[in-house]
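In what follows, subunit A forms one complex with subunit B and a second complex with subunit C.
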Partner chain A sequence: MINKTKNRFLKYLPIIVIAVYFAGPIFIGEYLTYLITLMAIMAIVTQGLNVMIGYAGQFSFGQPGFMAFGAYIGAIVVSRMPWIPFPLTILIVALASALLGFIIGFPCLRLSGFYLAMATFGFSSAIFELINYLGPLTGGNEGMYAPAAAIGKWKLTSTDDVYYIAAITVVLVMIGVKHISKTRTGRAWNAIRDDEIAASSMGINLQREKLKVFAFGAVLAGVSGLFYSYLIRYIESSYFSAMGLSFFLIMVVGGTGRVFGPIYGSIFIIMLPQVFGGKFNQHMNLVYGIILVLFVLLAPNGFYGIWDKIRNKSSVNMNLRDKLFSWIKRERVK
Partner chain B sequence: MKSPNNDNILTLDNLSISFGGIKAVDGLSLKVNENEIFSIIGPNGAGKTTVFNIISGFYKPDSGTVEFKGRNLVNHKPHEIARFGVGRTFQNLELFSRMTVLENLLIAKHLYVKTRFWEELLKTKNVKVEEARAEDEAYAILNYLGLEQYAHIPISEFPFPIQKRIELARALSLKPELLILDEPAGGLNMVETEELSTIIQRIRDDYNLTVLLVEHDMSMVMNISDRITVLQYGKEIADGKPEEIQNNPMVIEAYLGKGAMHA
Partner chain C sequence: MIFSLIVDGLAVGSVYALVAVGLVMLVKSTGALNFAHGDFMMISTFVAYSLLVQLELPFWVAIVGALAFAAVLGMVAERLVIRKLMTGPMSGIIMGTLGMAYILQGIAKIVWTDDIFKFPEFFPGDFVKIGSASISPQSIGVIISAIIIITCLYLFLNLTKVGTGLRALTQNKTAATLMGIKVTKVYSLSWALGGILAAFAGILLAPALYLSTGMGGITFTGIIAAIIGGFGNMFGAIIGGYLLGILSSVIPVYIPTELQGIIPFVLLMLVLFIKPTGILGKKMVKKV
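This part shows the complex of A and B:
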């Protein structure tokens, strides 16, 4: 009976979280609204990473690069053509990011594990360098103003407005990923993650599915980059390059390969400095680093894994260490 | 005994591949007729599994052709060859061991679930219909092989013989016309092997397929094969009906060594 209640609670937990999201700004004031918007943005980009790594086994350090790309494309396009309504901006950014995802994914097709991680890391660094280099377009090191979300003369400049856009998107993204995870594409991605030989002999086109997951991760990162630019209104490449670790942290803390993991992870990561009352703000990276190490060593499946353990249910072991370093094993076999 | 008819479904012609100077398969030619159970046997390292890996597209031969239903399979990728109608199992099992039995079979339905990515994101009606149909088909095969009670249990919880049968079920879910079985009886005891022999013959008849078999269990091979090819050091040394193979001196020599005939 208790078990049943627990199950029911767990089932409705995401809905409760979502409800809180929507009722949010009315009660909590601007600063908390800002934090929650940030959570939503982080959850969207981390969901992309989660799908790439947790579902499809494709390691990517490219998310910060795609996020910066989305923010800058949005800012550059809209600052030149202010009449574009923001839903169209989102579409443009999504398409551009998907295209870039395909382009970056293509040379990465033959890579996996550690090598793939390195290649995508290189891509991110290249994007930041490119942004700094293209001064006339991007403002270079100085950064640039990002236009607010707007439809015609109706400008959505307040934090609350961005909050609603991001909150709706994060809900749609979670539902979409939940759906994919149980259908054809999600199964194909899982198959590639677990065993490429078996996957290909089941008729799964490895290259096409890898490109798809790359583009999907890129779209989520690009769109969340755009939302981030709406939120902070002034963008510099260094904002994005500093985020590299946080997405991994959020993913691991929440639970890799779990649909709602990125939400719980981003709540934890963003609320943690608030719990300390801002005393450790200078040292938060140290704290995050320690948390990441502890989770990877002691609870590799994050909050979801701990929760599964409490309920005495064996969780699907995502063992990141094995996956990232699978290339060592492969070398040994040769 | 090579059939001159045009009804052969698979034709290997002068197939060769070498790995670092070792000729794993050396000028192999054979014809498999539609609807027969064709076995490739030979001592360890004779190149049997290599032939399978060439047919299913994992290796590219140095020379020669693999013709399946009139189409050359060489230079095609494994997923394309699966689409053409070749299903296979693996010597050392390549099941998705963290997933359930049903999930494994559904992955094999990848080619038959006709849904688009955006439909899946929205979970449209079409997705629900296609998923339900795929699940029904998967259950039909599980029922056929007596595995339906295991549907929702992860693969890793099963003993080896059941996993073997699950892999067979998964290969069948691909709706292949040619089913390639790599040592299906490996690790099975005598009773299980006999059961498997019956199953393979039943599958051939009920699903109207051609079976290509590599197997070390001679009683099984002799029992169910229509024709047999014997490989040694990548070369064909004999081919024919089971009774012909059993009495072939070359074969006995290959298996037991020189002098065995005189003993």
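This part shows the complex of A and C:
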């Protein structure tokens, strides 16, 4: 009987999901739609970071830089050529970001650990400096107006429209990452994360796989930067440079190396100031810092790790989990 | 013109060198790159400022107080955060120390607000004329103090028993443990030393630069200096610090001022692409 109900429910599930997707913004009002869109955008960037750090073990401070790059490329191209339909803009931004990811990734191939972190940080800072320097193109410090998504004369200016685009993209990204993690590439990335030398001795082309990971992270960051520019319509480089910590926070809170981690993480991070509000905003960085340190120390696998502990269920990602939890054993050196 | 720029660069470079030496020492002893180093510096300098200006204590009391605060802060950070993350993956250390950086910034904002403060000068006096160049006594004072501090650190690490223990630990942890070195105590010590170095850097930097909660960004400049000189080598870190200081003081003469901020990163990229091990670094080969 239960099974039958469940089956019937499953049969209608796609219809329910699609109905919620389309009817959602009408019922929840503009502000909540805005927040959900923001969550989707954050989840997309963080998914890129999550794949880079959690899957392939390649640390990156470069995500805000790629995001700014995507937003500015989109804005510059579309303001010069307004006839471009937005799917094409997304494609252009994705390709440009992938290219930049390759260009940045190539010299980073020889680096690992702290060196890689610093190189990506340097890249990110350089992007912001360049945006401020190239005033005629980007508006410099004053920022620039970002054109809305448009197909022909049909302009998608409202928050709801951006919500539709971002929500469907986030679902596609999640499905894509879930799929990649089961393919040869995904397993190669995991192998690189666990041990580069062992991976290369197993016939994995380290350079190619690392470049792929860099390009993947760059594309997700660039595209979400474009969506962000659709949402806020006016971009400044400082918006993006201020985001650095949020991505790490979202990743850690959700659960590093978990496909749906970024979604839970971004819901938590976006809703936190909404719930507490007011005074909280002044000391947001302090609270975020405390949350980050507490999670890294006490629940390094985020909500997923807490959930796993509660259910006492063995995790799929044993290797990473074992590593992260190793400090609990407190192997004291005497 | 160039000569006085170089002296200014040496003064800034001394501060970078102090930051870089602290960072490298922490990496070598505990394997943790401290992204909160600049914020250790920032908050200790604020403590010095409060003692000196708000409580009107004598100069040396304020400095000793700030150094003691920095040492305790370093030890607390090591005990509460770093010791647990040390054995884990690198991303955990980066995020833990980044989180600490934001916490320290937040605390500083609550206690001292977001304002900019003028830190009193330690080395007052007229500009010194050498040929056509005029050099501020502050720069000369900073350079000499940094040299004294670095020499003291060198003597401490080489002549005292504790310092020798710290150096032994950086070379081989297992062997050091077997020789009876109390590893946990050395960890605490190295973080206390790191804090003290950061506080010194801040106190030397603050009179030239205004004091604000955003000072912590120097962490990245310090890391870049350390990488340029050769990560994992304290002499390299000193050389890298001075080099970075001089270059970022001289180069802006030849390029547009908007691009000034990019210099350290361009230098970093150049070093990473040409010789990732830095000027004094040895090539590291991972053996299986």
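Quick note on the criterion: the second predicted complex is superposed on the first by the 287 of 334 C-alpha atoms of A that agree within 3 Å, B and C clash if a C-alpha of one lies under 4 Å from a C-alpha of the other, contacts with A are read in each partner's own complex, and residues count from 1 in each chain.
We adopt the following convention: a contact is a pair of C-beta atoms (placed from the backbone, for glycine too) under 8 Å apart; a residue touches a chain by one contact, two chains touch by 3 or more.
If you're wondering where the values come from, they're calculated on a predicted model, not measured in any experiment.
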Quiz item: So, does A:Leu245 touch the first partner subunit B, the second partner subunit C, both, or neither?
Solution: second
Exercise. Could you tell me if A:Gly203 is touching subunit B, subunit C, both of them or neither one (first, second, both, neither)?
Key: first
Quiz item: Should A:Pro107 be classified as contacting the first partner (subunit B), the second (subunit C), both, or neither?
Solution: second
Quiz item: So, A:Ile53: does it touch subunit B (first), subunit C (second), both, or neither?
Solution: second
Exercise. Give one of first, second, both or neither to describe whether A:Ile180 is in contact with subunit B, with subunit C, with both, or with none.
Key: first
Exercise. Check whether A:Ala191 is in contact with subunit B, with subunit C, with both or with neither, and answer first, second, both or neither.
Key: first
Quiz prompt | Touch count on subunit A, higher of subunit B and subunit C | solution = C
Quiz item: Which partner does A:Pro14 contact after superposing on A: first (subunit B), second (subunit C), both, neither?
Solution: neither
Quiz prompt | subunit B/subunit C common contact set on subunit A | solution = 197-198
Practice problem: Within their complex, state which residues of subunit A touch subunit B. | Solution: 176, 179-180, 182-188, 190-191, 194-195, 197-206, 212, 316-317
Exercise. Going by the contact rule at the top, pick out the subunit A residues touching subunit C in the complex.
Key: 53, 57, 59, 107, 110-111, 113-115, 117-119, 121-123, 125-126, 129-130, 132-133, 197-198, 245, 248, 252, 256, 283, 285-293, 296-297, 300, 320, 323-324, 326-327, 331-334
Exercise. Show which residues of subunit B lie in contact with subunit A when the two form their complex.
Key: 56-58, 77-79, 82-83, 87-88, 90, 94-99, 103, 106-108, 110-111, 113, 115, 117, 120-123, 127, 130-131, 170, 174
Quiz item: Can you list the residues on subunit C that touch subunit A in the complex?
Solution: 27, 33, 81, 84-92, 94-96, 98-107, 109-110, 173, 177, 183-184, 220, 223-224, 227, 231, 256, 258-259, 261-262, 264-266, 268-269, 272-273, 276, 286, 288
